[in-house]
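Here you go, one structure.
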Amino acid sequence: MIIVLKPHATKRDADRILARIEALGLKTLHMPGAERTVLGAIGDERVIAQLRLESDPLVEGVKPILAPYKLVSRELHPHDTIVDVGGMPVGGDRFVVFAGPCAIESLEQTRETGRCVKSAGAHGMRGGAYKPRTSPYSFQGLGRKGLRIIQKVSGELGLPAVTEVVQVRDVQAVATHAAAFQIGARNMQNYGLLKAIGQSRTPAILKRGMAANADDLLMAAEYILSEGNPNVILCERGIKTFETATRNTLDLNVIPYLKQRSHLPVLVDPSHGTGVRDFVTPMAKAAAACGADGLLVEVHHDPSAALSDGFQSLTPDGFQTLMRELKPVVEAVGRTL
Amino acid sequence: MIIVLKPHATKRDADRILARIEALGLKTLHMPGAERTVLGAIGDERVIAQLRLESDPLVEGVKPILAPYKLVSRELHPHDTIVDVGGMPVGGDRFVVFAGPCAIESLEQTRETGRCVKSAGAHGMRGGAYKPRTSPYSFQGLGRKGLRIIQKVSGELGLPAVTEVVQVRDVQAVATHAAAFQIGARNMQNYGLLKAIGQSRTPAILKRGMAANADDLLMAAEYILSEGNPNVILCERGIKTFETATRNTLDLNVIPYLKQRSHLPVLVDPSHGTGVRDFVTPMAKAAAACGADGLLVEVHHDPSAALSDGFQSLTPDGFQTLMRELKPVVEAVGRTL
Amino acid sequence: MIIVLKPHATKRDADRILARIEALGLKTLHMPGAERTVLGAIGDERVIAQLRLESDPLVEGVKPILAPYKLVSRELHPHDTIVDVGGMPVGGDRFVVFAGPCAIESLEQTRETGRCVKSAGAHGMRGGAYKPRTSPYSFQGLGRKGLRIIQKVSGELGLPAVTEVVQVRDVQAVATHAAAFQIGARNMQNYGLLKAIGQSRTPAILKRGMAANADDLLMAAEYILSEGNPNVILCERGIKTFETATRNTLDLNVIPYLKQRSHLPVLVDPSHGTGVRDFVTPMAKAAAACGADGLLVEVHHDPSAALSDGFQSLTPDGFQTLMRELKPVVEAVGRTL
Amino acid sequence: MIIVLKPHATKRDADRILARIEALGLKTLHMPGAERTVLGAIGDERVIAQLRLESDPLVEGVKPILAPYKLVSRELHPHDTIVDVGGMPVGGDRFVVFAGPCAIESLEQTRETGRCVKSAGAHGMRGGAYKPRTSPYSFQGLGRKGLRIIQKVSGELGLPAVTEVVQVRDVQAVATHAAAFQIGARNMQNYGLLKAIGQSRTPAILKRGMAANADDLLMAAEYILSEGNPNVILCERGIKTFETATRNTLDLNVIPYLKQRSHLPVLVDPSHGTGVRDFVTPMAKAAAACGADGLLVEVHHDPSAALSDGFQSLTPDGFQTLMRELKPVVEAVGRTL
């Protein structure tokens, strides 16, 4: 329920009401605003009804949250959320670009690619130490060694690093070595992992599953927020359709949908979204044009030698071109790069 | 086959070779260029092989066209095609916007909406006189009367008009009343209609079918070109996927794919592509950003009273906003609106 | 609207009421039953309401038809429709199998394949004279010559023939040479063609489009029935999905759905539905098990030499196996082969 | 690689060769046959090539495994695998039916539903103690208490029980309380979970993900086998498509595909596959007809009171009908129920 307090209600009044709600075992939300304070109560609506809050003299109105997702909904939280990723705000005026290799392969490769993307203007790094691969016989990532590499390079270059976490047992280690978790498409509904990340405060970039509706993505984000971690960034990375001209079908239509329904920032991954190097830059520009807050882009200093996904990775030159072409588009929609 | 002539080959030499190819019953293509002339021969490659053109002293080389589509392929025709729609060039520097109601309902409605879109800067009108509807009990369009209305308003406002044709028997009438045919998604593989339009010289906007791969769209365009009409404009309008947040899934990924494979102009229809009014403007900007040559947009002066597709039509104010927000994005990719 | 008459209402009473409805310009339906007569009125419900039929002393009740399709709905017509295809009833106790080549290539090929399928127990022939092909350069069928071949072989063997019609101008010729029209997936929403077939009395097998929902298929059938032709047979032939193990995804789930919503017979085409020869027989048995009324199967006496779709055509031996394995399954669901 | 030994090679010869392969760090497989012994070596083929096994006098031939999945492929293991689930063989002559509630709600509910399904002829029980739900606010299952309930009822009724595992930390407990793991569609590519189950010997029913190709499913199974657990049963449960007449699109086409490519047993879940109670029995019969080895079916003694998925659960009467109608179809394909 959304509980709107009267203008003259004080912080103490709000705390009193919140305490009554919490006493019933419900989650609460306290949102002081410029004009009036809004409280949220998440849980069984019949339980809340017992409190008859609408008859409290300091309550102006009580209304249900219509969306099945509560904490991620704009109904309860109308203003855009800005998530801080290692000092870089995501969701505000700046359009942010995280770039780097699909997989961390060595210190040299990570450092060289990191330097390239930094000099081209990237705001953060990406790179996987744990790689969920379709085949058990494919390269599975360097694991802890990879985490140490990305942390080292991130520190050297001053670029916050995003890296994937695939198992509950690695959540702590990833939080220690990186500025943000990435939750991959295959794990979007790995609820144990979502809950474990929800108990952290480290930001999480949650990628849409390949068969997930936009609302499924929002419900998955709700799992993280409902455990207490508000620092969630959504990410569109392509869905499965009949079309074979691209590896996946990057579904940019969900960008305005997600921004309409939720206050969370939204990134786009045009590398996995298309699976074709030549289409990454045009789709990156399209993502900026339709309202995304930033990108995750695969860059490799030598794509032909990459241990995974080389065919969709940009070269350093290609990434420079992307950044150069992206800038006027970002500015055309009133943001900065 | 692609036959490249030597630099000193004359028009007469080219005609001689073309005559030899045509004598075998094949279609030919004559493409004089700045430096050298290229000839095309479309048909059974074993037949062409009999001519041993590679041993002709004026032939520099002979190579197969690898794509299953020949005339629409960039292999044979590397430069962008510009199609003239009633005086408005589509496929060049200008990003063109055709706007208007889903269906022509009356002279007044068409005129009023036409004035709105013209004053907001549209380059052409759209509006259907023949409406293919899922239900036989839905409004099916005004037919010939609708054609006369759109022609009249188009003339008054000086806006070239695009209108749908759904049956072979209407091809002549539509060509007489409008500047361009629109072939709807449901008719993308109505080969009788494609061939009839191929025998016209009136431009045709060919919409992608809801289950059509990008290559299926190019093959459908090939039907029109192979009958002799080179004035084809492709149009992405959304495909069927599992996602229900939008009515269809506008697949912008095919824009760079189509531009890479074909020389034909490509439009985007964000109204049918999303089916949601609020998403039309963001997706229009995304279309411009990733390389589309223009838009088809539904606008109705009173969407709540529209006889079809009112929920996805922009209001006149909404269309003004679209044009205003589109301009900087179009300019950011080096074009004009 | 569905108008249920009282038990003692006579034919003359029914005619009087039908005349009142028709005077308003609406379509009517007269369905005398064992216990009472049901009338249908198709059209704007507000117009029908003017008649205040519920106050007529011979009317027991008036209720709306809830489905968007009216004439194809079980609401109005609860019993199964049986369509007579050249003497072979489709939709009754017998599970019917139409088999033959994808395309009519010659008299010899058609005759030889026809003999094979007849000796294996097929109830009818199939074969295309007009072939809608993705490429304009692929074999397009023998046209009128093909129609004469299939009519000749059909007569010789006593097997009713089904053949595809792709253009309005061929409707009359196909009706003359074949026992039933086939409307292909690409033409499921070619409304001009549907209406032309609706004005015939020749049965029509309407294939589901590759992006058509089950309800879209029922609406397309409604176009034919609403023009006056009640002899419509639905056909599932596979939809477009992300799965590439099969050419299309045969969607047998719609069989119980279509049988629940509509009284029309339903066939299954496992050849196009899977696109893989080895899967045709298992899926044919599955179709029989879940309630389909019969099959369309591609058989070629020499698939490796077929001019189209050879890889999904059964050999004569393969078809014999299909019929032999199908028989116990058909009998297990209480029908005969 | 597949290494075929000469007929006179002994067990000792095989062990010698296996030891050479293992010394290179590769996985091996020993498959003694009636006529000759076949060995498998899984790993980098260039490494195996170093051994020059083809020049070993006891080796008849060495050939690559072409499929990307090795241990699950029929290339290496041509005969059907039969998996023992608590004494019930799955994959042999008997068509096996596991039935029960979506979620374990209480001892009474589980016992009552268990009795119903046993008396109707089910071979095993199903029921979830851990429920992966789209919303964090939906019923999440009884957890350990649920495991104890299903174990108790399973013991009382003598029905082996299958139950879902969603987290690595519950693998041991589920193995202790149930006869088989179920891995849900959302976890098909939760590789940590697959590996943990691969280190068990308890059978695992692996459900296909909603966006997973058939080959993705086989690769996921390979993860389990490659860790050492050969007791894997595949399960088709519906994919995401544009069709909304059913909740998912049960894709029976993959049954013959999976049986052709792999030796593993294949079940079908028509409850989740269609999401509509009325379609469960027809699709169950279709599954039997096209070669599936059994079913997972949701049954609830009072579906309207079910805490999850009530609308797709059969009533006890409905399940009796399913079993009665299924029997003749199962027998028609030469198996027993």
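Order of writing sets the labels: A, B, C and D. Residues in every chain begin at 1.
Methods note: a residue touches a chain if its C-beta (ideal position, glycine included) is under 8 Å from a C-beta of that chain, and two chains touch if they have at least 3 such contacts.
All of these numbers come straight from a predicted model, not from anything done at the bench.
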For chain A placed onto chain B, the superposition rotation in degrees, Cα atoms, nearest 5: 180
B-D or A-D, whichever has more C-beta pairs in contact: A-D
Numbering shared by both copies at the chain C-chain B contact, with half separating same from different: same
Inter-centroid spacing, chain D versus chain A (mean Cα positions, whole Å): 34
Averaged-CA centre spacing for the pair chain D and chain B, given as whole angstrom: 49
Touching two or more other chains - residue numbers and ranges from chain C: 211, 239-242, 244
Touching residues on chain D, where the partner in the complex is chain B: 240-242, 244
In the complex, chain C residues that touch chain B: 42-43, 68-70, 132-137, 166-169, 186-187, 189-192, 209-211, 216, 219, 222-223, 226, 239-240
Interfacial residue positions of chain C with respect to chain D in the complex: 211, 213-215, 239, 241-246, 249-257, 260, 273-274, 276, 278-279, 282-283, 285-291, 325, 328-329, 331-333
